[in-house]
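Please find the structures below.
You will see two complexes here that share chain A, one where it goes with chain B and one where it goes with chain C.
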Partner chain A sequence: MVNLTIDDKQVTAPKTATIYDAAKLNGIKIPILCHDKKLKPFGACRMCLVEVEQMKGRQIPACTTPVTEGMIIRTSTPDIVKARKMVLELLLLNHPIDCPVCDKAGDCDLQNLTYEYKVDANRFTDEKFHLEIDYTNPLIERDMNRCVLCGKCARICDEIVSFGALTFIDRGIETKIGCEFEEALNCEFCGSCVSVCPVGSLLARPFKFKARFWSLTKQKSVCGYCGTGCNLTLGVKDNKVLTTIYDENQGFHNGQLCVRGRFGYQFINSDKRLTKPLIRKNQNLVEVGWDEALEVVAGRLRDSGAASAALATARLTNEELLLFKQLMESVGSNNYDHSAGYAHAALTEGFAGSFGISASPSTILDIQKSDLLLVIKTDAYETHPVVGFEINMAVKNKGVQLKILSDKTGKLSKLPDAKTLVHTPGSEIAIINSLAKVIIDNKLGDASAVSLPGYADLEKSLADFTPEAVSAQCGLSADDIKLLASDYAKAEKALILFPVGQAYPGHTAALANAVANLALLAGKLGKEGSGVLCLSEKNNSQGAVDMGFHAAGGGLNAGQILDGCATGSIKTLLIAGENPLVSYPDHAKVKAALDKVEFLVVSEMFMTETAAMADVVLPVCSFAEKEGTFTATDRRVQHIKPAIKKIGQSRSDFEIFGSLIAKMGGVSSAAPAVVFAEIAASTPGYESMSYVSLGDEGLFASVDVKPVFVVPQTSAAKAESGKLALVTGSVLYHNGTLSQYGEGPMHVCPEGYVELSRADAAAMKFVENDLLTISSANGSMKLKARITPRMPQGVVFAPYHFGANPVNQVWNGAPVTWVTLAK
Partner chain B sequence: MSEAVAQQATEQEPVIDLSLANKIIDKYIDMPGNLMPVLQGAQDEYGYIPRVVADLIAERLNVYPSQIYGVLTFYAQFHLKPRGKFIIRVCVGTACHVQGAPRIVESFFDKLHIGHAETSPDLRYTFEKVACLGACGMAPLAMVNDATYGAMTVQKVSEIVADYNQRPMK
Partner chain C sequence: MNPIKTFVPIIQGLKITLGHLFKKPVTLQYPDERPKVAARYRGLHALNVSHNKAKCVACYLCPTVCPAKCITVEAGEDANHDKYAAVYEIDMLRCIFCGYCVEACPVDAIRMTGEFELANYSRKDFVYSKERLLEKK
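Up next, the complex of A and B:
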């Protein structure tokens, strides 16, 4: 710590702090335009000028000057105030004074500072800029006439997002911010640039002319898309969520969001929301009252008893999932599951076997504390973009080594010194096993691993996984495998990350076991910045596992439930928020099952493809309208409160399940808080949690790891000659099927596509946007071609989110589907 | 998405032999701080930096295309459009100005019909006004590529243009 004096106040600050940091830390405000706590100091705006006595009263920028012992600093002498006024005069010389029509007004740093420094006249005159405003994309408006050239947008896009869409163009007075060759913005549309813009140069178009900033109520919440568990601040007016508001102090991610979190909120107040219960009468779904709808559902459940089953989305709160489970148990059925079963098997079977817990031992906070990250599939960036930002920052700012095992390259591959080993699709487990084999054979690992249960069996099972043998089937060289194994083993702290989800059927329990074995052999567990982290797909995937909402104790899993529907052994199926027709493998099979089941109840926000087949549709509310808890992928339990009143007559799943339990003769719980108390009392790791103790930041559920070696079950994928390997996955702009109802993601990525390599495209004479027929043993469908350098020859990729043309028409749930393409 | 745009842009460009750029990139690929030498080498090869070449450099050096564009627009030495075979520079610095540089500029315009930083459609000439070529004793001064012409007059402009009109383009 360093002692210094700021404005006659004795203060201390860390050695690494700048004068600006030291002042802020001690409650002294220094005005600034070009600073964000997540970004490196830049010193562009000259608003933060201060005087340092030791520097002979020169005016120096506080944001780039490190503190030194005994510094005497004055932040607002008459000279400084005069200088700042002049900086503002110069900025206002070119900045248009169009505040009445600027959406930034009220939240604008330049406006606020102009007011604070009473700049009511300008001694200079000059023309304003007349640059064209970029309205070419539906999400971000760029008006460079208002720009003050602080560079925050270009810096955040480079330092954190690592996309680099924006840069300084030209020099001197001509300087402006723009894209390559002054083209329209064409990026990930995460809106990070919008969030840090101190003026109205970069604005969220969906919010344009919606409300003045000061009329918004700010409601804290948790993002309802992926499992990262990002915190959100929703801007609410007249019971509508109109925007998301940036708060640099919110969450582990410091307010950083992806395109879904920032621009995907529109589904909350969508016109398409269901507002009244519907019952099928004479083939048509007609509006009815809640009493009638619930009575019909309760009657059916009573009749079906053990022949009832439930599928839920992992977007429900923990409280709702527990009630749903209790409802099914009160009916006498233990057939309930979520996310197609396999999507969470890495936790419920994989880690449960290897670690004795159905959760990841590591957290997202470990990423930046690690020495080496081993990411399985570059898709980890697309599935969990904010985790991707953490990886970007770890690699770029902290020099963390990044190794990637993937069936294609991706954005993560472009990070400095990132090593991507592109293997043939479906060979992940064999490669991980081979890494383990190298570690054992070369004694690179932790000597104490030998004493863990299952070591002998594991060693025996790995006999066939020599790098040479695996090299032949995975397309990597034996040397690459050996080098990766030794890099991984030698790193003091190493973290393995892999995404799971409905589009990643290859990321199974066996992969989780293989990964766990590798980490155990190398002694990477139980250290900060080290271990394994499974990135689960939905905002409450981990919660659904913790609540035990999956096939256990003899109940049927998701696949078996649908089989039961098809054979008639399941008579009543309750679906809460899932859209299996789109997201489960094998469209035809799911459709046949849902057609066949006697009675189908769907509780949904929207008339999804699945809801349209139901006998009863119950309108439910979004995360912004209810109270409960979500458990993020790294076990962080967070509390959400209603930001708006429920839309129409919609009810929360909590109320619906409560009412049904009451109708079945049980006791319905009064409030989510009561159910959470029950959860805290009965769920390992949740002990001592309550809504009060969760606070704004949430709490991590504790884990008690009991490691054992489990031999992973492997089956080698058989290649079919003359065909292409189709791998499914998530696209950055979407998560599950919900994001289809968020206008933002749909503006940027409205439909599915098939991505293929330049070599394959050239060989088959396809060009960008050709409509291709893609055929597998399962069926065929048409998708637009997208030709990119990231796909290896012979491998094609298709995202799975789109209801209008779901990829499950050709995909039957295999990790690799063999397909042919034709124009 | 950006890749898709790059593909479309590729089709609009005139045919550019990318093997020349690839050779330059190969030479510097493992050198830290290789962006400037690669861009300079490419400019020497093509006379300017075509869009496809910028995209290729971005992809192969793993640099953001925007960053390349930032560098290209920051330094006056880089050009984004094809340049003439003969670059005519007329000094308009103080010494040349008082010695009548504006008249020299005018008469080049009368002969070639191109103004500052413009290139003739046949790609024979590019005309530039520059502020001081560092030989004020020879004012008013003009240069054509590396050849210097001191004590310029309107008459000499005609002679120079007549001379370079005769020279071969290849």
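Up next, the complex of A and C:
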């Protein structure tokens, strides 16, 4: 810490702070346009000029000058105010004063400063810019006439998003922000640039002219897409969520969001939302009252008893999941599951076996504190983009080594010094085992690992996994495997990340076991910046696991439930928010099961493919309309409050399950807070939590790890000659099937596609956007071709989110599906 | 009883009355006669027109400043990507004719006319839509 004087006030600040940081830390405001706390100092706007006595009273920029001991700083002498006024006058010389039609007005740094410094006239005259405005992009509108060249957009796109879509182009007075060769914006559309723009140069097009900033009610919430648990601020007006608002102080991610979080909110107030309960009468779904609908459902549940089953989406709150479970128990059935029954297996079976707890021992905060990150599948960036930003920052700012094991290259592979080992699809478990084998054989690991239970069995089971043997089946060289093992073992702190989800059937319990073994062998557990982190797919996937909403105690899992529906042993199926017809493997099988089941109840926001098959459809509300808690992938429990009133007659799942429990003769809790108290009392790690103690930031549920070695079950994928290996996955712009109802994601990625390598495309004479017939043993379907350099030859990729062309028509849940492509 | 004290004020009063008999009457025979409205009178609003369209750019300053919350604006994007008021409504039942909307307007798009005959038969007719507010040529 250094001591200094700012405006006659004795203050202290860290040695690494700049004058601006030191002032901010001590509550002294220095005006600035080009600074964001996440970005490196830049010094573009010259608004933060201060005087330092030791520098002979010269005016220097506060944001780029480090503090030194004994500095005497003045932040607002008449000279400085005069200088700042002039800076503003010069900025306003070219900035069009079109505040009445600029959506930034009210939230505009330049406008606020102009007002604060009373710049109501300009001594200079010059012509305004007449640059072309980019209206064509559906998400980001660029009007460079308003730009003040602070460079924040270009810097955030480079430093955090690591995409580099925007940059300074041209020189001198003609300098402007644009894309390479002045082309159209074609990026990840995370909107980070929009969020940091101090003026109205970059604006969110979906929000264009919708409302003025000051008329919005700002409601804090938690994103309802992936498991990262990003915090959101929703901008609400007239019971409509109109936009998301950037708040640099929100969450571990400092307000940073991805395309889904920032532009995918439109499903909340979508016209397609269901507003009334529906019952099938004479083959048609007709609108009925809630009482009738719930009475019918309760009656069927009573009749079916143990022959009832439930599937829930991991987007429900913890409270709802607990009530749902209690409902099923009061019916007399323990058949309930979520996420297709396998997407949570890495936690519920894998980590439960290896660590004694169904949770990841590490958190997202460990990423930047690590020395080496081992990411399994580049898809980790696509499934959890904000975690991806953390990886970007770790690699670029902290010099963390990045090693990737993947069946294709991806965004993460492009990071500086990232080493991507592209293996044949489905061989990741064998490779991890092989890494463990190298560590054991070369004694690279932690000596104390030998004493852990199961070591001997593990050592024996790894006998077949020598790098040489594995390299033959995985397409990597033995040296690569050895080098990776030694790099991993030698790093002081190393963190393994892997995504799981419905589209990643290969990321099973065995992978979790293998990864856990590797971390244990190398002694990479229980230290800050080390460990393993399983990135679960949905916003409350970890919560669903914590609430025990999965097959246990003899209950059927999701696959078995659908089999039961097909054979007739399950008579009533309750589906809350899941869309198995699109997101579960094997379309034909799921359709047959849902056709066959006697009574299908679906509680949904939208008339999904699954809801359209239901006997009763109950309209439910979105995360923005209800109260509850979500548990993020690293067990951060966060409280959400309603931002708007419920749409139409929709009710929360909480109310529906409560009413049904009451109709079954049970006692239902009146409020989510009461149920959360129950959760806190009964769930390990949640002790002493309450809505009050969760606050805005949330709390981490503690993870008590009791490590043992578990031998991972492996089965080698058999390659079929002459066919291509189809791997399924998530695409950056989507999460599950919900994002189909968000306009933003659908603007960027409106339909399914099949991604293939240039070599394969050339060999089969396919060109971009060809409509290809993709056939597997399971069936065939048509998808547009997308040809990219990231796919290795012989491997094709298809995202699974789309109801219009669900990839489960050809995919039956195998990690690798062997397919043929034809035009 | 002092007759002077009793009758003098009455006579004085009658003098004034008598005097008025020979002056121009103050009473306006409305509606046969129409009042002359002052230039600064704050009557019904009108939306100014320029180049054959409303000058209003839907900046929302008038609904923001309106103390009676009687102005509803919804912005739209026209073919040139410019902002215009797709909806502009004033609820005259709530309006207090303070004229803040005129003061706040940055583009001189709204003014107040001398029109004061605003009586109507149903409540919904008091909500003036953009078409009704556009200045009459």
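We adopt the following convention: the second predicted complex is superposed on the first by the 823 of 823 C-alpha atoms of A that agree within 3 Å, B and C clash if a C-alpha of one lies under 4 Å from a C-alpha of the other, contacts with A are read in each partner's own complex, and residues count from 1 in each chain.
What we mean here is this: a residue touches a chain if its C-beta (ideal position, glycine included) is under 8 Å from a C-beta of that chain, and two chains touch if they have at least 3 such contacts.
Keep in mind it's a predicted model, so treat the numbers as computed, not measured.
With the C-alpha superposition on chain A as described, chain C and chain B fit side by side in the combined arrangement. Looking at the shared chain after the overlay, A:789 reaches chain B, while chain C stays out of its contact range.
Using the contact criterion defined above for the overlaid structures, shared-chain residue A:208 touches chain C, although it does not reach chain B. Of the two partner chains, chain B is the only one touched by A:180; chain C is not.
With chain A as the corner point and C-alpha centres for all three chains, the angle toward chain B and chain C works out to 80 degrees, nearest 10. In the superposed model, A:414 lies in contact with chain B only, and not with chain C. Here chain B and chain C are compared by how many residues of chain A each touches, and B touches more.
In the superposition on chain A, A:479 makes contact with neither chain B nor chain C. Contacts of A:100 after superposition: chain C is touched, whereas chain B is not reached. In the overlay built on the shared chain, the residue A:135 is in contact with chain C alone; chain B does not reach it. Here chain B and chain C sit at a least CA-CA distance of 25 Å once the structures share a frame through chain A. Common to the chain B and chain C interfaces on chain A is no residue. Those residues of chain B lying in contact with chain A across their complex are 1-5, 7-9, 51, 54, 58-59, 62, 64-70, 73-74, 80. By the touch criterion given at the top, residues 57-61, 64, 75-77, 81-83, 106-107 of chain C touch chain A in their complex. Those residues of chain A that touch chain C in the shared complex are 99-101, 105, 133, 135, 208-212, 214-215. Residues of chain A touching chain B in their complex: 154, 158, 163-171, 178-183, 186-187, 414, 748, 768-769, 786-789.
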